[in-house]
Every structure is written in C-alpha cells, then in structure tokens.
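A short worksheet on the structure shown next.
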Amino acid sequence: MDKPLVADCSALHYHYGSTPALAGIDLALYGGRVTALLGPNGAGKTTLIHLLLGVLPVQQGRIELFGSLRPGRKAAQQRIGVMLQASGVQDNLTVAELLALFASFYPEPDSQIGLLDELELVDLADRRFDRLSGGQKQRVLFALAVIGRPDWLILDEPTTGLDPGARRILWRAIEARRAAGVSILLCTHFMDEAQKLADHVVVLDHGRILEQGSPDAIRRRVPSDRIRLRTSLPAVKLETLPAVQSVRVGEDRTEILSRCGIETVRALLAADDSIEDLEVAGADLETAFLALTDSAQPEQEAA
Amino acid sequence: MKSLSGIILVLVAVIATLLLLPGPIEGNRGVTAVIGVRLFDGERIIQNATLLIADGLVIDADSELAVPEDAEVVDASGKTVLPGLIDAHVHAYGNARRDALRMGVTTMFDMFRSPADQSLVIQQRESLQPTEQSDLFSAGYLATVEGGHGTQYGLPVPIPESPETADEWVNQRLEEGSDYIKIIIEDGSGWSQPLPTLGREMIVALVDAAHAQGVLAVAHASTQSSARMAIEAGVDGLVHLFADEPVDDAFIEQALEAGIWIVPTTPVLAAVHGRPVPDWLVGNPDTARRISKQQRSMLLLGFPGSGMREARWPIVFENVRRLHEAGVPLLAGSDAGNPGTAHGPSLHHELALLVEAGMTPIEALRSATSLPAEKFGLEGRGCLEPGCRADLVVIDGNPTATAESV
Amino acid sequence: MNAANPSIQLVRAQWLNLLRTPAYTLPTLLFPVMFYVFFGLVMLRGQSLWLLCTFGTFGVMGAALFSFGVSIATERAQGWLLLLRASPAPVSAVIAGKAFGALLFAIVIVVMMSALAAAFGNVRLETAQWLSLAGILTLGALPFCLMGLALGLWLSPNAAPAVLNLVYLPLGFLSGLWIPSTVFPGWLQSVAEWLPPYHLAALALDVTGTKAADWAHSLTVLGLFGLSFAVMTALGWRRLSGVS
C-alpha cells in the first residue's frame, strides 16, 4: 500500500500518575482506509485518541500526523474531525447554531444544509441539543465531526447505545466518507461494526497492541459465541473440539468460547449424549477479549 | 444574525443609560445668591445682605453686592442666616450626627468616643457635598486612670502607664486620628463620690506630648482646684465649667494670663443639678418636629440623685457671668449624649442659658461659631465670609431657639 | 459582518447561553445590585456614592469570577471544553467568548447600580465621571476574569462554586467593599491594602471624585495580580488531562 501515513506513533507510553495507560505503542495508520480500534474498557483506546488529538501531552515516544505535524497543531486539527465518547456540547444551543459555530472553525466547511439532510436532522435544526434523543445527539455530534470536511475522522464508539435505525444512518454516513477517501479511525465495541466498516483492525489491551490485521483474520481469532452447559467431558477433551477458543470449568457449569457456535455444539452433541442445560449466546467483545488476553496474559483476572 | 443585534441593542442601551444619568445639581456648579437676609457672618450682623455661594463655599457676603447674571437667586427676605453652629462638647454615637444637623449644628467636637470610624469621619468632614450628618472632630479615647472617670461607660480605654510613656500614648491617639487630646482630672470631690485620677506629673507629661505634636490638650475638671491644676499643667482649655464653688479672682487672673478658654456645658450641669429642661425645648411645635422620640426621652431623663444638688445651681450662672465679664473666652457646648441632653436642641439650650447669665445674643452666637473655630484652629467654619464653607442655618426672626437648616 | 469568525461565533454562543439560562443570569446580575440597594440606598443613605464605587467593584468581581470560574469548571465536566480543545477553535476565541460574557455582566451591573444610585441615592456625577466609572469597573473585571479562569481550571467542577463563594465574599468584605476599610481596625486596614479589589475600588472612588487614589500603585497591584493568575491559567491549561 502506497497510501500516505495519517499518523505514525512510535514507542508511545503514557502514565496517569503511576498508572500506566499506554505501554509502548508502535502504530502506523495509513490514509484512505478505515482502521478499527478494538479493546476492552481500560485498554488505552481513549488515551491513544486523546494523544493523537493533542488534548493530552505526549509523555514519552513520538507521534507525527500527516507526515510531520505534531498533535494539537492547528494545521493538524483543521484536517481532523472528531466525535468523542465523553464529549458534550453547550447543550442550550440548537442544532443549527452548533453547526454554524463549528463551521466557523474550519477554512472550507461543508454545507450545513447538506449535512442536516444527509443525517436526517432537517426537522430538528432549530431544536436545542438538550431536547434531542440519544440517537439524534449522536448524529449531531457526527455532523460536528465532519463539518470541516476532514481528511481524517476519529470516531470513539459512535453507535454505542443507538437503535438500529439511527445506527444505519450513521453507518451510511461513515461509508460515504470512506468512499470519498477520508481516513477513519473507529473505536468500537461491536465486532460486526468493525467487520462491516473496517479495512484494518487493531486490538489493544493493557496499553499494548495485541493483534492487528484484516477483519477476517482477527475474526478468526476472536470467539463469537459463548456456550454454557453441564457435561461429563473433561476440559482437555473439550479444547480439541472444532472452533473452540477456550474452556473454563465452573462450579456449576462449564463455559466454552467458540469462533463458531453451531460447529462446536454439533461436535459436542456428537461426543456427549449426557449434556444438560445447554445455552448458546453471542459473546460480547468484553468476553471475547478475556479469552484472547487469557492466553497472552495468564495473570489476567477473570471477571 | 439575530443574536448579534441583541448584543448590540444591550450595549446601546447601556451606553445610552450612562449618558442619560444625571449630572451634578445645577446650583452646585453655578452661583447661588441668597438675597435680602439679615446675615450673621460669625462676628457681626449685616442687614439686608446678599450671600453668594458656589461649589459648597461662600464666594462673598455683604450688603449691596452685585448678583451675577447667571446666578440662581433665592429671596430670603425677613430671614436670618447664620453659619452652621458648632457644639464644642458632645459624645457622638448612634444618630447623634443626624439629630444635631436637624437643629443647625453642622460641626461638633467630640470629647470621648471610639476612633474606629475616624478615617471615614475625617473624609466626610472634608467633603463639600450635601450631607445629612453634621461634621465631627474628636479626641478619640480620653486619658484617665484605671477605674477613673471615663471608664464607667463600657468602652475600653487605653490607660497611659507612666509620665515617661505619655509621648507614646499621645502618638497612638494621633495615629487613630484624634484631633486633640482630652485629659480627665476628676477626683469626684465635687460629687461626694471619691474617684482615682491622674497625677500632676502625668498631666504635665500628656500636655507636653500633645503640644510637641502640635495638637491641643483639653481637660475635664469639675472643681476650681482641679481646674487650676489643669491650667498650671498648660492645657489649652477646659471642657466643663466647675460649679463646686464660686469662681475666685485668683482663678480669673490665672485663666486670663494662661489664655485658656472654657466650655460651660450648662445643659449637662443643669441636669446634674436636678434642673428639668425648659418647656420651650421640647414643647415648642417647631422644635418638637425636629426632635426624635429617643431625643425627647433623653432630654426628660434626669441624673440619679441630682435633686440634692439643686442648691448649687446658681453658682453655675454666677461663674458664667463672672468669667464672661472678665473676658475669659467661653465656647458653647452641650455635653450631649448624657441624660438631660440631646444632640442639637441642647446647644440651643446652652445658648439660651448663656444669654440668661449675661451674654448678649451676638456674643452667644459667636461662642457657637467663630470663637470655637478660632480656638480649635478650624478654617472655613463658624463664618460666612469669602472662602468659608457654605454651611448655612436659616431662621425666622430672633436667633435663639428655632432653627431651620438648609 | 463576518459571521464565520470563530470569536464572533463563540461570543454569540455565550450570549445565547446567558439568554437561555435565566436561572443563572438573573441572580448573578441582581445579587450585587440588591446588596447595593440594601446597604447603599436603604441603610447608609449618606454614603450612596462611596458605596456605589465599592459595591460596583463587588458586583463586577463576582460577575468575572463566576462567569469564568463556574462555567469553565462546568464545561470541563460536560466534555464541551474537551471538544473545543480537540477542534481547531483558537484558545483565544474560547476565552474571548467567556470574557465577553463577564464584561457584559460587569457593565450591566454597574449601569443598573448607577441608575439606582442616581434615582434613589441622589448621586450626581458629570457624564464623563459616569462613563469613567463604568469603564474602570468593566475593565477592572479583567484581572478577576483571569482569577476565575485559573480557579475554574484548577478546581473540580463540584468544588468550584463553593470555593469561589469562599473566596468572593471574604475578599469583598476584607477589601472594604461592604463597609469602608477606613472603619476597620488598623491591622485589618493594612490587610485590605494588599487586596486587589481594594485597589479597583480605589480607582473607582478616584474617578468619581470621592477619594484620591495612587494610580501607579493601584494599577501595579492589579497588574501583578492579573499576571500571577495568567500564569496559573497557563499552567492549569497545560495540566488539563483527557478525562477533564
């Protein structure tokens, strides 16, 4: 890939007091593609984003944006659009007032009417931010992120807590930006979101990069289903079953994390006819990462 | 942009309000001419006089003065204009300064009060702006001994320790803003109530320290013998008249030689000798509306046990008459703040008693205007000559009891 | 009118904020004015002009401290400040918006007090004096803006209002803004002379012809005071972490 680098981090460390948040990140983010940043809470995703934006000072290591710019420089900030997880706005302003305010920060802002239309906010233009629903607020924050026509869009969990309709509107808008060649850094909890949108996935845990690669490659390493059951089979035997990622024997029931639930259950039923209380559920990312990180860091405490 | 026009609107409103706020009263900048008055300028009466004032000061006062064209003219024909009166002995607390001003007393000499607000008092008396309070000069804390006269009022008093530290004591008073030093010489012998009092050596040291700093030293003395001691110590004046015995020739000679003055304070002496205040003071409808309820009850209050001393009252009259005839300067003072007195009316009481004892009305007025101003070194007070403060008292007819301040 | 200028837009946002939060705006405007009415117009009638100068100082100081201190602390908590910092909005424009709010408060408070003083306290001044009084007090709010800004950046959002009150009221009293410091005991007077509000009031008393001031001295004290809080503001800004 000959795409230019939008961000180049090397040997990045960060500490909050004595608590380490990032412990040596080397990461190159290339232009024109969507990178998904995955990781459990506390993995260091938000710290990394804040360092890239320049709202946190670099303590150790180096970050270069768009070739040679330091984070926080106005020239860099004008090319970045951002939607932060913990961000609020002056919430007594209306949607239109917020857009006009943010438009004034950029040299060549996008059309405010066009954005309202694209994000289905036209009817809400004169409504105050504090009187919007959660999904409407997320769409407004997205509009603020893209009003400056950024080259690079940083989205921290943009669809968390949204209903499917609102999520679809946002996905459509994100895809439109990708199609237009905007580089995107997407933090998410949703594997399906990463799979649908990302070209490249980076898995972060304990301030380190655990994995990176294409979504399919990562997907294969990350369990998608959690199976609970009572069985007479020993753990060693269970681990050899197809698609099994990890096995944990509890007091009551045994828990198996699997990359493909159906395949594993089929094999289970064939191997043991005394199975009871079988329950299959989609593994959330938290659980999945526990499985991933269990092997990497044995001292990791099970939740 | 609707909101930007809102901002501009507020700013315009703010500036417009500022521009519309009222300027100084016209008469204050221009000249006011009071015409057709009988004027007492502090020394003498000028018939049919014109008084020109501007910016709180007297420009000129005389008969047959030309009135400037742009002057605001006040025709006060038939009225008498006096300088604001000076009460040379008060204790100002509570509403004292407001009460006094309603009766035309524009300046008061306090003879013992807390100096806590002295800086404000000084700053107020330097202002020429209209005010509702009379101006005040003050001794601040007085000099007495532990348990002596002056300590019984509940106000803590710093006690001068020894003659060697008299300088230090006086300097502390001056730092607090005292205008003069008051020394108590009171052994209680005049009131059959023995009291500890300052010794001669200490009194001399205090007087010397005050004079070294260029301020007056004044003394409270209630007997002829203590008054003589005060004069020997070098005080500038006595803030009471003694009434324990008739004044003798030796005292008069000594007083004249030393050039001292005396504040008779007859209203308080009347009270301690069991004399009720005259009816005109509280009963006259014109004065009654200028006296508050508290003032009225204060005037009607007596000193406990004062009835027994009534027999000595004629001595007061006799002493005033003899001292005045001999030429000892008497400054009108009421000692208001005590039972049987009130700020304002009691100075008029004093003037009436001084006239009754033999002063002419003009002499009595001088004792409440030019004389105290001269003895206390005050410029521009107690007079209505060019350059004096335009503190005016306008009264109808005969200047004794009724007064109307402007 | 260039409406696309970030400073103008942030000023406008601040203006709309004031209009839309009357529960904050009205008390902030009326509290010092009410104080002045009680003390300067009802209780101490003879001192209306003196107290106009001192309560005016008290009012603009409060407007500056609270518009900056509390709102910066609140916006930190909301994440609004974080979003602005991540955006290319110039820091100067963010501060300009706030300063506008504080100075607008200041001038409105001074003008309301002046109008009341003229109407009910019989205070009369030359037009130039009325303008100078409003000008001095409004500009004099700036060092207190910096103080509010510094405190808003250093204090936690919950602590900010309480701490600001804890600073504001004693500072006003000790500087002789409620009762003239001339009636203080000597040692307290010398404390007052070290406090910046005392010097702002001194300038106000001077331009109204009430009491002469030592301009060089008072301006130096106010300047040094502003400067030290400017330094604290710069340090506080750098100290802001991603979570704030």
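The first chain written gets the first letter, and so on, giving A, B and C; residue counts start at 1 in each chain.
Assume contacts are C-beta pairs under 8 Å (C-beta built on N, C-alpha and C of every residue); 3 or more make two chains touch, one makes a residue touch a chain.
Predicted model only: the values in this text are computed from it and were never measured.
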Chain contact topology (line, ring, star, complete or other): line
Could you say which chain's mean Cα position falls nearest to the mean Cα position of the entire protein shown? C
For chain A and chain B, what's the span in angstrom between their mean Cα positions? 87
List the centre-to-centre spacing of chain A and chain C in whole Å, with centres computed as mean CA coordinates. 45
Contacts with two or more other chains, residues of chain C listed in rising order: 3, 8, 12, 16
Overlap residues in chain B, where contacts from two or more other chains coincide: none
Can you check the complex and tell me which residues of chain A touch chain C? 16, 46-47, 50, 53-57, 74, 77-78, 80, 82, 84, 86-93, 97, 100-106, 128, 144, 148
Along chain C, where are the residues that touch chain A in the complex? 3-6, 8-10, 12-13, 16-17, 20-21, 75, 78-80, 82-83, 85-90, 238, 240-243
Touching chain C in the complex: which residues of chain B? 1, 3-4, 6-7, 10-11, 14, 17-19, 21-25, 28, 116-117, 119-120, 123-124, 129, 131-133, 175-176
Could you please specify the touching residues of chain C with respect to chain B in the complex? 1, 3, 8, 11-12, 15-16, 19, 45-46, 49, 104, 107-108, 111, 114-115, 118, 124-127, 130-131, 134, 180, 182-183, 185-186, 211
